[in-house]
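Okay, so chain A shows up in both of these, paired with chain B first and chain C after.
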Partner chain A sequence: MHEAKLCLSLLDLAERRAAEAGAARIVAVRLDVGEWSGVVPEALAAAFPLCAAGTRADGAALRIERVAGTDLVLREMEVE
Partner chain B sequence: MRVHVIGIGTAHADDAAGLAVAALLASRPLPDGVLVKTCMRPLPDLLDALEGADAAVLIDAARTGGVPGAIHRLAQGDLACLRSPSSHGLGVAQALALAAALGRAPARVELLAIEASKTGCDALSPAVAASIAGAADAALRIVREVQARHDAELRDA
Partner chain C sequence: MCGICGCGSEAVHGDERERHHDAGHGVPLVRAHGHPHAGGARRVAVERSLLADNRDRAERLRASLAARGVEAIALVGGPGAGKTALLEATFAALGPAATAREAVVEGDCATDHDARRVAALGARAVQVATGALCHLDAHLVEHALARLDLGGVARLWIENVGNLVCTAGFPCGEHRRVALLSVPEGDDKPEKYPALFASADLLVVSKSDLLAHVAFDVERCVAAARRVRPGLAHLVLSARSGEGMDAWLAWLQQGAR
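This part shows the complex of A and B:
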């Protein structure tokens, strides 16, 4: 369930950023997932649409880049 | 098999019904393999409470328009239309869907809802308070039923 909880906190962060930017909707989210972050990208991808339901990111596309290192980073998002 | 009995709710008025049932169950002798847990918010707390469970019995307050204190046994599909005082219904459905998407949902999930009254104060309403013991008995019956079915499946296998 680790990925579901990470996903919820990532969306929380994304929603706060979108609110600060005055954006009504988050269209796409790009994450960097470190190879040693302990995060399974497939699980994150499975959790994302369910976590995003009912938020500004409802229906948003998720792009996951596998990178070196141990970090999980909300790299970029597209809003409107 | 591990069965988690999970009371969902907050400390506010009838919203605490699930927590009160869990507290009562925790004070009683329980069958082997049964763990009583509580959670305040379905997301993310329910995900933690479900972790490691083969089956789960969830107890929550609900507002379906029925008589306060009434005990409903629900199917998982009924969750979306469950209107609990703090709209846990949707959160519970979402948490279960998430657990399923991650392949971590218990094989069986049973739901018990206690009809909340419309008026809110700090404590449980008398109607709901009077139903707590009955709901605890009902939860225990469901646990035994789940365990019996599991044992029968093991025998047949």
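This part shows the complex of A and C:
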């Protein structure tokens, strides 16, 4: 239900880490989505490009892995 | 634009897109897929939860409330589970003098009906109208508390938006979390919405006065909840008939764990 808000949290975190890494743009993002997180991966994938527009992650690929548990974890990014 | 990495190339990838999204752990995020990347991409490990900011904020709020001598209890459950009715019955049982030391943050998508209901019994109440947002979080509760005088308050209730899904992952600074499931909702809800019940410190089966009228197996419900939260305590009560209210008040008196 709140995938767009989570997308903004994801982008906030990704942008901070990309800035720390001195990266101009984020090419890809890998996110672990817990089965009990209440998050629908398809909804997240749909919201992501819209939320990412105009950020360092504009056009970035979002790769979602379904995992056990309730958490949502930004594992790693590919940056340039 | 490349549909895999968004790098601007017009290259055609054939079935690469599917393989790209099926890739398992340990493979490069963006595999070689037919065109070079100027400069070359590099990987940055992050390993941070998107829920961590809220969890940290909730932990700080929990500590600051405890330091002020306030115990916070969260009520979660579906719309119509009887969260506000339980508060009303609790305040009625405590009486006006004790209720003056109770505060409530009420979360709903719209209206201030619930805040008015509990304020009518003498509790200090503030309503958070979340709009399209489906759950409260620690940040929203902090803002609500800025509008609430906690002087002399012993207990803060945080009544979340009626929602069996999203509320599970967002602690709001509470010390104890109570999940309500009303009898008409059905005894299979802990199986269907495990995360919510896994997050609870107490399961309250509410509207027990309706047990005679609907097929609800308390044992099945509790067993299912305990599969996701081993040892979870439960109470069966009715705010309307008063059944089970003594045990509920006793549970409250036990104080924060």
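Basically, the second predicted complex is superposed on the first by the 79 of 80 C-alpha atoms of A that agree within 3 Å, B and C clash if a C-alpha of one lies under 4 Å from a C-alpha of the other, contacts with A are read in each partner's own complex, and residues count from 1 in each chain.
Keep this in mind: contacts are C-beta pairs under 8 Å (C-beta built on N, C-alpha and C of every residue); 3 or more make two chains touch, one makes a residue touch a chain.
Only a predicted model underlies this, so the values are computations on that prediction, with no experimental measurement involved.
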Practice task
Name the contact category of A:Leu50: first (chain B only), second (chain C only), both, or neither.
Solution key: first
Practice task
For A:Lys5, decide between first (touching chain B), second (touching chain C), both and neither.
Solution key: both
Practice task
State whether chain B or chain C is in contact with more residues of chain A in the superposed arrangement.
Solution key: C
Exercise for the section: Would you please give the residues of chain A that touch chain B in one complex and also touch chain C in the other complex? Expected result: 1, 5
Problem - Interface residues, chain A side, partner chain B - complex - result: 1, 3-5, 8, 43, 46-47, 50-51, 53-54
Handout entry: Of all residues in chain B, those that touch chain A in their complex
Key = 43-44, 47-48, 50-51, 90, 94, 97-99, 101-102, 104
Handout entry: For the chain A and chain C complex, residues of the former touching the latter
Key = 1-2, 5-6, 9-10, 13-14, 17-18, 21, 23, 27-31, 36-38, 58-61, 63, 65, 70-80
Practice task
Would you tell me which residues of chain C are touching chain A in their complex?
Solution key: 1, 4-8, 20-21, 23, 25, 28-30, 37, 39-51, 53, 133-135, 163, 165-166, 168-169, 194-195, 198
